[in-house]
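Structures given as structure tokens follow.
Below, chain A partners chain B and then partners chain C, in two separate complexes.
Let's look at the complex of A and B:
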């Protein structure tokens, strides 16, 4: 089931009704039951793994809390000289709990998502070395949203370990944090400190929250049904038949796929955030106008924000501050210079981040290539930034001018479009072939004859363009910090309702559903 | 209190205006002639009602196995008979009865084929979304006809005649995908018969009574289905056919149509693809010819829309 479906909307409405008529104290329990029912509806008995993860982090949190309490008691009776030793002793104990919990949770993720991938690699190696052993490749379904809730689980135990948050004694609260049904399938990857209180608050469903939440949900449907589902046909045709198309059409396919992915994923986030808003729960944004980014680093601070910040907090910083990296950077600082030292430190941490980012998206070489593609771009950006600044100064180019910013935006977008080919292609070889085709067989004149065969008619393309203009206008306003929904809510009721009806009937009439259209599968639900 | 009252009034007003616009737009987008007699609600649910009255010679009632196996346009092209697939995904026997009733009322077909595998579908096992889908289509016609905004002859753009939407596939779902059977299935011959749920037997009884009353030849059929076929099912249907004195066409046992399950299925033996459907449709055409009940309409003025539909159908084949 997709969040962008009538089925979800109906289930969601049923939960809202039950929640609304439940006493405040029991409201969080309604959400918890609904979340587990939702999970069971999609993944059946695999709900057991979610339960295990929840129990593990809840238990680990409490054990670490106990260790902290013992340490604090001990410290009260300890002299200043011995305090460091005592602290380290208890930290070591906590570390054992942390490492065990991380391994426990990562083991499930590895089993469901990566075991077959590594078995295939091993089989290839056995083949090369003529070793007469092959691992059998078994097919099995993974619990829905395992990549999302596992990262949430890890963030909880790491934050408790680092004493950023206090371990919660309320088992229901921890369970609800991990299983909350609007975020379980596709994120955002929330942090306990960010959301746990509002999730467990049991706030009333107010008229204001209900209306605002549903506006946000509708906006998600608009993006999915008018744009993403329509572009799906184009993407399928081009990615399947790229060998018989010009490079220009392949490039068009990459652009269409990137837009489709954005509309589908950000549309889902609109539904997720809107659903939570109905319950007065604030879920952090996962997108911030990514196509206004001026470089790749900027892009990733605007696209799938929660994954980026997770990797920054739990991979980038720990790797940068790890002992071996610190030793190396000190050595480089002494023997070369500060800049090289910080570049190397950044490169090592970024390499770890992008390896995991690639693998998180899927177990395949193309996903690893997707990660390394961005790693290289960011690294090159870091290396050449001072040179670019100098060149611009010499050529008297104003880096703050609109033209320069526009150039940066276009450049970044083109690089992103190219990178998404790795993401969508069925394997790495296909991705490389498609990129080769773009550069070696680029013929803009043939695009006119190829467009009519892409599975959409002229009217479909008109709908896409008009809907994209609407999304662009909204994005520009948001980029300028305009709160569109608040602005609309202050308008006269006639105008306000006219906007709502236009949105609803726009989706109902111009939505790409029914015979002749194939909806996009929820792309991120597979991760 | 006053605030609450305002909210309630506002919500009701919003819903009323919504309904007004919804059905207003539905009126504009539904094909006029197709719904002349039955209105927007029924044609969303029963596709056959879009056809001109008394123009269908034979109907097929059943589930996705039928709409993957019987292509009325293939039969039209070769034999000139007008066939319609009255189908629904995971159709239930009570729905099959409704399909038969509506079809007989508007079309008076001479032959009605019923996909007997439907009888084994237990109502309790049907996911809720199937009911939802059927009900939704019934009361919210805009979801069925919304794409007609692309039609040049929309009512509000053309104040002249209402346009008629030509149903090209007549209930068939064209699939050219190949996903062949990879593992051979072992079948054990037995004399045991599979149980048919009582609710389905009751609905079937009503189908038999109705056919007799309206003088329609009811034929039981099991279309090729590598995945589902068992001797238990075959025995149960044979028994039922014998009980009611009905003809039973089984297209599974000993594979009489020589279906190549490595190539002529779209999903490893559950549904046929276009090439499989071509074989079954040809067989049905020949069967109907042998009955001598139907006439070839290919050169009949009244049926020229079928020739037009076939032209479009042929163009759409990949």
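Let's look at the complex of A and C:
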């Protein structure tokens, strides 16, 4: 089931009604029961694994809390000289609990998502070395959202270990944090410290929150039904028949896919954040106008933000500040210079981040290639940044000018479009063939004859263009820190409702459903 | 504090470190610059910056970074 569906909307409304008529104290329990019912509805018996993850982090949190309390008692009676030894002793104990819990949770993720991939690699290696053994590849369904809730589970135990948050004694609160139905399938990957209080607050559904939440949900539906579902046809045709098309059309396919992915995923996030808003729960944003990014690093701080910050906090910094990396960089700092040392430190950590980012999206060479593509671009950006600054100074190019910024935005977008081919292509070979086609057979003149065969008529193209202009205008306003929703809510009631009706009827009249259209599947729910 | 500002200016010259209070939230310092800053701080002030301290609140202004350094020095 997709969040961007009438089915979800009906289920959501049912929960809102029950929630609204429940006493304040029991409201969070309603959300918890609804979340487990929702998960059971989409994943069946696999709800068991979600339960296991929740129990493991809840228990581990409490054990670590106990160890901290014991340590603090011991420290009260310890002299200043011995404090460090005592602290380290208890830290070691906590570390055992942490490592065990991480392994326990990662094991499920590995089993469901990566085991078959590594079996296939092993079988290939056996084949090369003529070893007469093959792992059997078994097909089984994974709990939906396992990649999202596992990262949340890990962040909880790591934050408790680091004493960033206190382990919660309230089992229902921890369980709800991991299973909250609007975020369970596609994120954002939230942190306990960020959302736990509002998630368990049991706030009333106010008229204001209801309206604001539904505005946001409608906006998500607008993006999906008017744009993403229409572009799906184009994407399917081009990614299937690219061999018989010009490079220009393949490039068009890459652009169409990237826009579709953005509209589908950010539209889903609108529904997720809007749903939570109805319950007065504040879920952090997962997108911040990514197509205004000036370089790839900037792009990833605007696209799927919660995954980026997770990897930054739990992989990038810990790897770059780990003992072996620090030893190496101290050596480099002494013998070469600080810049090289920082670059190497960053490169090692970025390599780990992008390997995991690629694998997180899927077990396949194309996803690894997707990760390494961005790794190389970011690394090159860092290496050549000082040279670019110098060249610009010499050529008297103002790096703050609108033209230069525009150039950076276009350059970044083109690189992103190219990278998304790895993401969408059925395998790495296909992705490379498509990229080759763009560069070697870019025949712009044949695009005119190919467009009519892309599965959309003139009306569809007009709807896409108009809807994209609407999204663009909203994005520009947001980029300039304009709070559009607040502004709309302050308008005269007639104008305000005219906007809402325009949105509702826009979706109803121009939405791409019915014969001839195939809706996009929830792309990120598969990760 | 002066030494810290010197380091910051070397890493990212386009900021007024006396007044800026959103170095991380305002995206003046990206994660790689923060890494360089940490290695400079560690070698200059003889402290170890644990990963758990790398949060925007500790790096949003020169004053906050200085407070972090002082706190870490006390912990030694």
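Keep this in mind: the second predicted complex is superposed on the first by the 527 of 527 C-alpha atoms of A that agree within 3 Å, B and C clash if a C-alpha of one lies under 4 Å from a C-alpha of the other, contacts with A are read in each partner's own complex, and residues count from 1 in each chain.
Everything below uses one rule, namely that contacts are C-beta pairs under 8 Å (C-beta built on N, C-alpha and C of every residue); 3 or more make two chains touch, one makes a residue touch a chain.
This one's a predicted model, so the numbers in the text were calculated from it and none came from an experiment.
By the touch criterion defined above, A:297 lies against chain C but remains apart from chain B after alignment on the C-alpha atoms of chain A.
By the touch criterion defined above, A:241 reaches neither chain B nor chain C. Shared-chain residue A:508: touches chain B; no touch with chain C.
In the superposed model, A:284 makes contact with neither chain B nor chain C. Applying the stated contact rule after C-alpha superposition, one finds that A:333 touches chain C and leaves chain B untouched.
Touch criterion met: A:459 reaches chain B, while chain C stays clear of it.
No residue of chain A contacts both chain B in one complex and chain C in the other. Against chain C, in their complex, chain A makes its touches with residues 162-164, 297, 301, 312-313, 316-318, 320-321, 329-330, 333, 338-339, 341-342, 345-346, 349, 382. Those residues of chain C that touch chain A in the shared complex are 27, 30-32, 35-36, 38-40, 43, 49-52, 54. Contact residues on chain A toward chain B in their complex (touch as defined above): 6-7, 10, 207, 457, 459, 497, 500-501, 504-505, 508-511, 513-516.
Within the complex formed with chain A, the chain B residues making contact are 7, 14, 17-18, 21-22, 25, 29, 129, 132, 136, 142-144, 146-147, 149-150.
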